[in-house]
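Same chain, two partners: chain A is paired with chain B first, then with chain C.
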Partner chain A sequence: MIRSIAVVIFVALLCGTVLWLSNTEGDPVTPVAAGDDIIDVPGYVLQNFEEQTGARNAVAAIYLNYRVYDTLFEALLLLIAIVGIIHFFRIGIRSEPRTITHQRRTQAGATEQSDIISRITGFLYPVVILFGFYVIANGHNTPGGGFQGGAILATLFIGRFIVNPINDVNASLLHDVEQALFVLILLVPVVFLFYEFSGQFPALNEPFLILMNVLIGIKVCLGLTIVVFRFGFDEENV
Partner chain B sequence: MIGGIGLDSILLLMTVLIAIVAVWTKILRHAVILLGIFSFICSFLYLYYGAPDVAIAEAVIGSGLVMLLYLTAIKRYRTYSIIVSVENEDRLEDATMQEFAGSSQGQLLSEIERFCLSRELEPEIVYSRESVAKIAEDGRFDLIVHPEESRFTVYGREDNYLVDELEMLLILHSTDTDTEFVRIGAES
Partner chain C sequence: MNVGEILSAQNISVVLFFVGLLGLLTQKNIVRTIISVNVMDVGAILFLITVNYIPGSVPPVSPPEGVPVADPLPQALMITAIVIGIAVSAVSLAMFITLFRRYGSADWETVLKRVRER
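And then the complex of A and B:
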């Protein structure tokens, strides 16, 4: 009883805070001091990103050019998470066969596939593939980018697993490809941005953004697919 | 603006309500679907606040990937294997199992079965002639049932989340037979 009352009071307070916060005016971003000059960072980015980076989406300009370190370590984070998942599932594998002799199953046939879901997934397959590649390839012009597009493609492969749980994915090959892509994701910005090719060849800016988005997209797609297939088939060797 | 309150505060309140309902739901699959709706509303809020990039990421991850991941996990861990250790039988025959199922101890077993079904689990009952220690060593079980002449012992893994409720169930239903519930640790 006391717990229920406490929960109700807590929820009421939470709702009140939400309403109060949503009605207060947020502060505009304060300018940042750099040396003697005062620089308005958002204003600077919004004014100059088109000519400096070749992108028409300011978010892409920031995560692939101004703050590319963030993207590199984000890619590393996902890679480490996947290595960890593979490692812990490998520990859990038991290889000896079941010794127990007699078996009786109850409630057989409860795991049948839903016809509606299979049909709808089959219908959506090409549409979602197209949308995923669109989001990756146009990440520098429209909202989206490598991570979002890769996640859309991964959702599709995982949806296929829900409909038809067959382990026909070579996870170790996918993992190797993913690691190779990570090396490329490190190399491309290091060579292009840190050696200042970006300023010398402005025509290469847009191809650089597209290349980075494609690399990140494929890497994220492979990584997330590996994770879900690990959850789905933890008994088979990888 | 609707009566001085913006669309965003209505959506924010909806997220709070949906989160509470998701916590209180008894059926896991409903909670997963509610979390998907929660992410969808969050994604709409990001769009409303002018962050379409984050909105796409939230929609794909929150209502796509995470939901599918949870559904896969629920699907995988739905089988609940109950192992009946009948040590003193010479041979395992269908008649032995039928005899056991008809006894009062067998009714207790079917009570456990019904409990599993109410929790969306598929009870898988395996009759074995191995000793309890050997089955526990093998490690592939959720519950070991060991019926004897006058006693009925149930061994549950202490890392299983159903253990507390199963112990209560056995206390409530053990009338004439001497029932004991033992928790054993996870495999070494």
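And then the complex of A and C:
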């Protein structure tokens, strides 16, 4: 009891200190000047991104062109997370003896679905596909992009799982496709940006952004689908 | 200082972060610990989104001339952070399921006791 009160007081003190520090007006910061040129990254990006990258959305210009390393390693991290999830479920099944008995999902429980949810979700499928691909393909011109559109497309599979929880999706095939897409996501910017085709052929900038967004979108969609199905069918699907 | 200044996004993000830290320090249930990590993650994302905020700025999508434009850099970085947060919580939940199957408990102390017994 005393310990938890002490912890609460300690955390409250820390929180109060950080709040006080972040709300105190400090000395006005003088911009660091190298020679006479003041380095203003947001100003530079906002002035130049349209002609340098061909995007109209500055966020897409940053994560697909200026800071493309972020996107590459983020895609790698998602891939590694999925490999880890598959691995953990596999060793979880293999471990004997089990100290807890699982109640398998009964056949009656699996088929007992709400009619309203099934019908409405079926009605929403084409809308979700259209919206997802719209968000992906217009990610360089409007708010959106590969990650957001991929998450929207993944709701398609999640809705299918809610309506009809039958494990007929070949998860390992999805995983292979995802790995192939990751190699493509690595190769396309490396070839296009690092060999400076971007400056030589400005007409290719916009197709490059669309291609990257589509690749990232499909990869994120497959990744989230694998995660959801792995959690949903973790007792049967190993 | 009026209410709007006290309840600014920056202050709320700091409080959220420390609520998550408090949960991390006090909760004995593993699922609640994972949720606390997620709350801390949300606090950090909210804080970094508010960095370099200019009041009255427009989104950085084909910005018009002469209007203050929001800084696109924190937004682009936070897309990455959100996906990383999802990956972290998914992996930790998968680890939790494995742990629960092996030791049959969601309580840190019980799990540690059973690990030592084996």
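Everything below uses one rule, namely that the second predicted complex is superposed on the first by the 181 of 238 C-alpha atoms of A that agree within 3 Å, B and C clash if a C-alpha of one lies under 4 Å from a C-alpha of the other, contacts with A are read in each partner's own complex, and residues count from 1 in each chain.
We adopt the following convention: a contact is a pair of C-beta atoms (placed from the backbone, for glycine too) under 8 Å apart; a residue touches a chain by one contact, two chains touch by 3 or more.
If you're wondering where the values come from, they're calculated on a predicted model, not measured in any experiment.
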After lining up the shared chain so the two structures overlap, which partner does A:C15 touch, if you call chain B first and chain C second: first, second, both or neither?
both
Taking the superposition as given, does A:L72 touch the first partner, chain B, the second, chain C, both, or neither?
neither
For A:G84, is the partner it touches chain B (first), chain C (second), both, or none of the two (neither)?
second
Regarding the shared-chain residue A:L184, is it in contact with chain B (first), chain C (second), both, or neither?
neither
Quick one: classify A:F231 as touching chain B (first), chain C (second), both or neither.
both
Kindly classify A:V135 by the partners it touches after superposition: chain B alone (first), chain C alone (second), both, or neither?
first
Considering only the touch criterion stated at the top, classify A:P143 as touching first (chain B), second (chain C), both, or neither.
both
In the overlay, answer first, second, both or neither for which of chain B and chain C A:F161 touches.
first
For A:S4 in the superposed arrangement: first (chain B), second (chain C), both or neither?
second
Using the superposition on A, tell me which residues of chain A are in contact with chain B and, in the other complex, with chain C.
11, 14-15, 18-19, 22-23, 57, 59, 98-100, 143, 145, 147, 224, 227, 231, 234
Once bound in the complex, which stretches of chain C touch chain A?
10-11, 14-15, 18, 21-22, 25-26, 52, 59-63, 69, 71-73, 75-77, 79-80, 82-84, 86-88, 90-91, 93-95, 97-98, 100-104, 114
Under the stated contact criterion, what part of chain B meets chain A in this complex?
5-6, 8-9, 12-13, 16, 20, 52-53, 55-57, 60-61, 64-65, 68-69, 71-73, 75-76, 78, 83, 92, 97, 113, 117, 122-130, 135, 138-140
Which chain A residues qualify as touching chain C in the complex?
4, 7-8, 11-12, 14-15, 18-19, 22-23, 41-42, 45-46, 50, 56-59, 61-63, 67, 70-71, 74, 77-78, 81, 84-85, 88-89, 91-93, 95, 98-100, 141-143, 145, 147, 220, 224, 227, 230-231, 234
Report the residues of chain A in contact with chain B in the complex, numbered from low to high.
11, 14-15, 18-19, 22-23, 57, 59, 94, 98-107, 110-111, 135, 143-145, 147-148, 151-152, 154-155, 158-159, 161-162, 224, 227-228, 231-232, 234
